[in-house]
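Alright, structures below, take your time with them.
First chain A sits with chain B, and in the next complex the same chain sits with chain C.
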Partner chain A sequence: MLSSILAASLSMGLLAVAFAVLLVWASRRFTVQEDPRVELLANLLPGANCGACGFSGCSGFAKAAVEGKAPADGCRAGGPGVAARVAEVLGVAAPAGVTRQVAHVFCAGTQALAKRTGEYRGLPDCRAAELVSGGGKACTYGCLGFGTCVEACPFDALTMGPEGLPVVDERKCTGCGICTQVCPRGVIQLVDAGRRTFVNCLSPLPGKLVRQVCQAGCIACNICERLCEHDAIHVLGNLATITPELCIACGQCSAKCPTHVIECRREEEAGEALPAGAGQAAS
Partner chain B sequence: MSFSSLVLLFVGSALINNFILSRFLGICAFLGVSKRLETALGMGAAVTFVMTISGAVSWAIQRYILVPFHLPFLQYVVFILVIATLVQFLEMVIRRYSPSLYEAFGIYLPLITTNCAILGVALLVAGSDYGLLETLVFSVGSAVGWTLAIVLMAGLREELEFADVPLSLQGPALSLLIAAIMSLTFMGFSGLVPAS
Partner chain C sequence: MFAAAFVERITNPHHSGLKLPQQKAATAGKAVKRLPPPERLIVSLWQHAGEPCSPLVQKGDRVIRGQKIGEARGLGAPVHAPICGRVVAVEPRLHPSGLWIPAVVIENDGRDSFLPLDRSFLGDGGSPEEMNPEGIRRLAREAGLVGMGGGLFPSYVKLTPRDDPRPDFLILNGCECEPYLTCDHRLMVEETPTLLWGARAMKRALGVSRVVIAIEDNKPDAIALLRQMVRGLPGFEVRVLPSLYPQGAERTLVRTITGRVVPRRGLPADVGVVVHNVATASALGRALLTGEPLLQRIVTVDGDAVAEPANYWVPIGLPVRELLKAAGVDESALRQVILGGPMMGTAVADLDVPVLKGCGGVLAFTARASPVDEAGPCLRCGRCLDACPQGLAPFQLARLVAAGRLDQAVTWGLADCVECGSCAYSCPSRRPLVQYLRMGKAAWREHPRPAVRTTLPGTPPTGQLGAVSNGIPGAQPRALPDRGTSEPVNQEQEVIPQGAA
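And then the complex of A and B:
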């Protein structure tokens, strides 16, 4: 009995030592020289593997950045905070002029306000619905409301609101732009964080046609353009367009817009223009 | 041991007692890495390497350590140790010499450690009265059979990418059905060698 235990432990021990020696030798012999910066960068990045940089995940971007194939500010989800630290690791000048961007839904056509032409019973996916005669919404420029963007968001920053339009949580949004790519109609676009006025319509049709399909569309009535004291809003191609640099968010246009398509947020509602990653740096 | 009996052993382990299709061992990698022909071939090569060496090493350990010291109860532990070491070793070698293959394997290379087909070979060899040559032939035969099955499967699945598959059969359901039909087909090989 005792000898059996002894033999077992001895033979097992010897085998283990033999294998250990083999592995130690192999790890010396077959080491792969990897640039330590790759791992350093991979740890800096948000780690969401959103792919907005154009590389396969965060490790792909880290590798490309070290090889010089990707710019230091290539990580859109990370924003200026991450870009500065990536630049530091790479030993290049910190990229300037990167402002944080967030997604914004340029459509105000809620279920109550937008006219429907029919009932869509296919796959509950905007891209599928867009292929099938526009998924039932009469307006061919507005949000389809099946929440493809909500599902695509890797940061849980989008939710489907009660009125059939996605809502952006600007605190969670990193501006990676995935939602802008999956939206078949381009309703979601990236805007600078902190911007306070938006014309929530993309329809370039004349006012009469817009009225036929939606009560919340821009009808190009020019009221906002006449009201604006700062030359910040113009009707271009049947659509009111704001110049964010000139707009002071006084709210005049928003208040007088007959279809309430101009959104003007009060200062405290506006998203913080803080660089993304500032919160991560503190933690 | 005559040459013809070695050939029979090879054919028997590769086709008739095919590890995937008639012993049903190593199914996880068979279903996991059979999406592309190239990865399937690489996986087959890795399994062949590990299976052959672990078969031979297990045979030697069984014959020269476990049997003389009356320790056959250590079989499982020792064989798993052997396989784990070999997989680690192979991982380092592949990473050094073929990074693209290493990336393609991903999680499946470490998973060979728990590939029951490899432990299966080690245990079958230990339970038999094979000599070293027969062990090698049996291991290589089994590995070739395993590779053959996974490569056939990958070929079929690549073709199926373009097929119009009914919704209820898409994905794993169809893969399992294909595996079942392949298994039935391989049963036909059992007539190749008269029962001994």
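And then the complex of A and C:
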């Protein structure tokens, strides 16, 4: 009885020692030299594998950055915070002029305000709906509202609002730009975080036609252009266009816009331009 | 007739396809009706594959019937005024594709003068065999002829023979395999002389030795009539084909008739075959005989919402609403309107869109005939594989498109899909397979995606608009989607074939 227990533990113990020796030898013998910075970088990155940098996931970017194939500020989702830390690890100068960008929905045509021409039946995807007679929305420039961008967002920063337009959560948005790529109408675009004025319409059609299809579109009435004391808003191609560098967000144009298409956020509503640790929300 | 189709079926190994409910009885036996003169027409400047035309008239101008009002830019076909009247607007109007495209709106003034095309360059000979081939192409271009089966590809390009390989076959597509549609059927019965005149001119322009008129066996009267009429015309032949969908798809037709296989991403011209719709041939015949450009076409108006289903001669640019009113449609009961056939046509969201040159049918349905089917999960039953005339695996392509793996989908043949709809029709789970494939094809073609809808006169260049509206104005409109009827044309036709004029 005792001898069999002894024999078993002895033989198992010997086997364990033998394998341990083998494993130690193997790990020394077959070790792969990897730049330790790759792992360091991979841990710095947001980790959502969104692919906006053009490489396959965060580890792909880390590898490329260490090999010098990707710039230090290549991680769009990470923003300036991550760019600075990546530069630090790589031992290069911190990239200047990186501003955090966020997605913005350039359409104000809610279900109540935008005219619908028909009922779309089929694949619930904006890209498919767009191909069928414009997807049922009379305006061919506005948001179709099937939420393709919401599904595509790797950071969960987009939700479909109650009025049929996607809502961007600027705290979660990393500016990776995936939503801008899937939108068949280019309604979502990246803007500098902290920007406070927007013309939420993209229709270059004359005011008369815009009015026929949407109560919230830019009708190119020129009131904003005349009111602006800073030369920051101009009507180009039937569409009011803001020059963000000149705009002081006084709110004059927004207040007088007959279709309320100009959005002007109060200072406290605007997203932070450079929050500490930008882009770390999802890490 | 049926014996001929039967022999064809058992001797030709290339037949395959779906047996669809025909639904043609309501309109096939009735003579084509004329409509009262239209009050106003919306003549779209984009009725062909290529860039929209530039307008030649302004608001306030008077135009007469047959006058050219839009000139093609590059690849394309001019458009003409189908009636005499005053131009009340030249502005973007809603196009059946859902885009805003510049159009010339003409208000009828009730006069009846006509400006025929210049035909002096055709040569002295009276018969098509003696005409100057270059002259025939020039007339086809000037008459604004495009593929009237729905492809809308400029005809003069397809009438220009390539050097290598020299075409030796001309197929006139009178299959009309889409259910409901009978416009080509009626055309073959009522317009036989102009059709054959045009066909002879096409034969002359291409220099081919054989002309095959392909007709499905569900049109016995057209077959009998054409058989009789082509007697004495050397090289002409009428082939009776079984009624299988998509018999009229260009690639299917070439394979069935000649046994040649059009290469992937290629054109019939790559194997020495040219396919034209019978309506296009008839329009060419009319242009040759009377100097009338493409101003009107036969359109089938059918569906359970239509009180008087029939074929109508419709001027190009007639709003769909007017056409439906003339055919006795009660708009309040209307649930769905499809331009083209039920398999390949597209639903329209707005009835004010105009009829285009390639629109063979307007189908109006009530809620009863157009039930909502909820799509279920894929059962992996493989029926779509059996149904696909292109030998693709639609369920797999749909999966890849849904997952965003376009490159892989293209490797699996996404670009070879002709969007005939056979897969979706066969799917027991009612999956919208064609929609997935169309979506994938659009995304693949538009890569990198242009942000654009329409070209508008007077919009500033893109650069000035800055970040707010990246590249909206001035960009290229995307390819005109197939408004198919009986002639599904491969999307790849946007590529100009070699040897194009």
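In this section, the second predicted complex is superposed on the first by the 275 of 283 C-alpha atoms of A that agree within 3 Å, B and C clash if a C-alpha of one lies under 4 Å from a C-alpha of the other, contacts with A are read in each partner's own complex, and residues count from 1 in each chain.
As a working rule, a residue touches a chain if its C-beta (ideal position, glycine included) is under 8 Å from a C-beta of that chain, and two chains touch if they have at least 3 such contacts.
Values in this document were obtained by computation on a predicted structure and should not be read as measured data.
Trainee: Do chain B and chain C fit side by side on chain A in the superposed arrangement, or is it a clash?
Mentor: clash
Trainee: For A:Ile242, select first, second, both or neither according to whether it touches chain B, chain C, the two together, or no partner.
Mentor: The second partner, chain C, only.
Trainee: If you stack the two complexes on chain A, which partner ends up touching A:Leu202: first (chain B), second (chain C), both, or neither?
Mentor: Second partner only.
Trainee: In the superposed arrangement, does A:Gly177 touch chain B (first), chain C (second), both or neither?
Mentor: The answer is neither, since A:Gly177 touches no partner chain.
Trainee: Once the structures are superposed on A, label A:Val32 by its partner contacts, choosing first (chain B), second (chain C), both or neither.
Mentor: A:Val32 contacts chain B only, not chain C.
Trainee: Let me test your reading of the model: by the given contact rule, A:Met12 touches which partner, first (chain B), second (chain C), both or neither?
Mentor: first
Trainee: Examine A:Ser4 and indicate which partner it touches, taking first as chain B and second as chain C; both and neither are also allowed.
Mentor: first
Trainee: Would you check which partner chain A:Gly145 touches, where first means chain B only, second means chain C only, and both and neither mean what they say?
Mentor: neither
Trainee: Taking the superposition on A as described, I'd like to know which of chain B and chain C A:Leu23 touches: first, second, both or neither.
Mentor: first
Trainee: Using the superposition on chain A described above, determine whether A:Pro46 touches chain B (first), chain C (second), both, or neither.
Mentor: neither
Trainee: Pick the chain C stretch that clashes with chain B in the superposition, from 189-197, 279-287, 387-395 or 477-485.
Mentor: Stretch 387-395 of chain C has C-alpha atoms clashing with chain B.
Trainee: For a test of understanding, state which residues of chain C touch chain A in their complex under the given definition.
Mentor: Where chain C meets chain A, its residues are 91-92, 96-100, 346-350, 372, 432, 435-436, 438-439, 442-443, 449, 451, 453-454, 456, 458-460, 464-473, 481.
Trainee: Can you list the chain B residues touching chain A in their complex?
Mentor: 61, 65-66, 69-71, 74, 77-78, 81-82, 85, 88-89, 92-93, 95-96, 99
Trainee: Mind pulling up the chain A residues that touch chain B in the complex?
Mentor: Touching chain B from chain A are residues 4, 7-8, 11-12, 15-16, 19, 22-23, 26-27, 30-32.
Trainee: Chain C touches which residues of chain A in the complex?
Mentor: Going by the criterion above, the answer is residues 106, 117-118, 120-123, 125, 127-128, 130-136, 138, 140-141, 181, 184-186, 189, 191, 198-199, 202, 204-206, 209, 236-239, 241-244.
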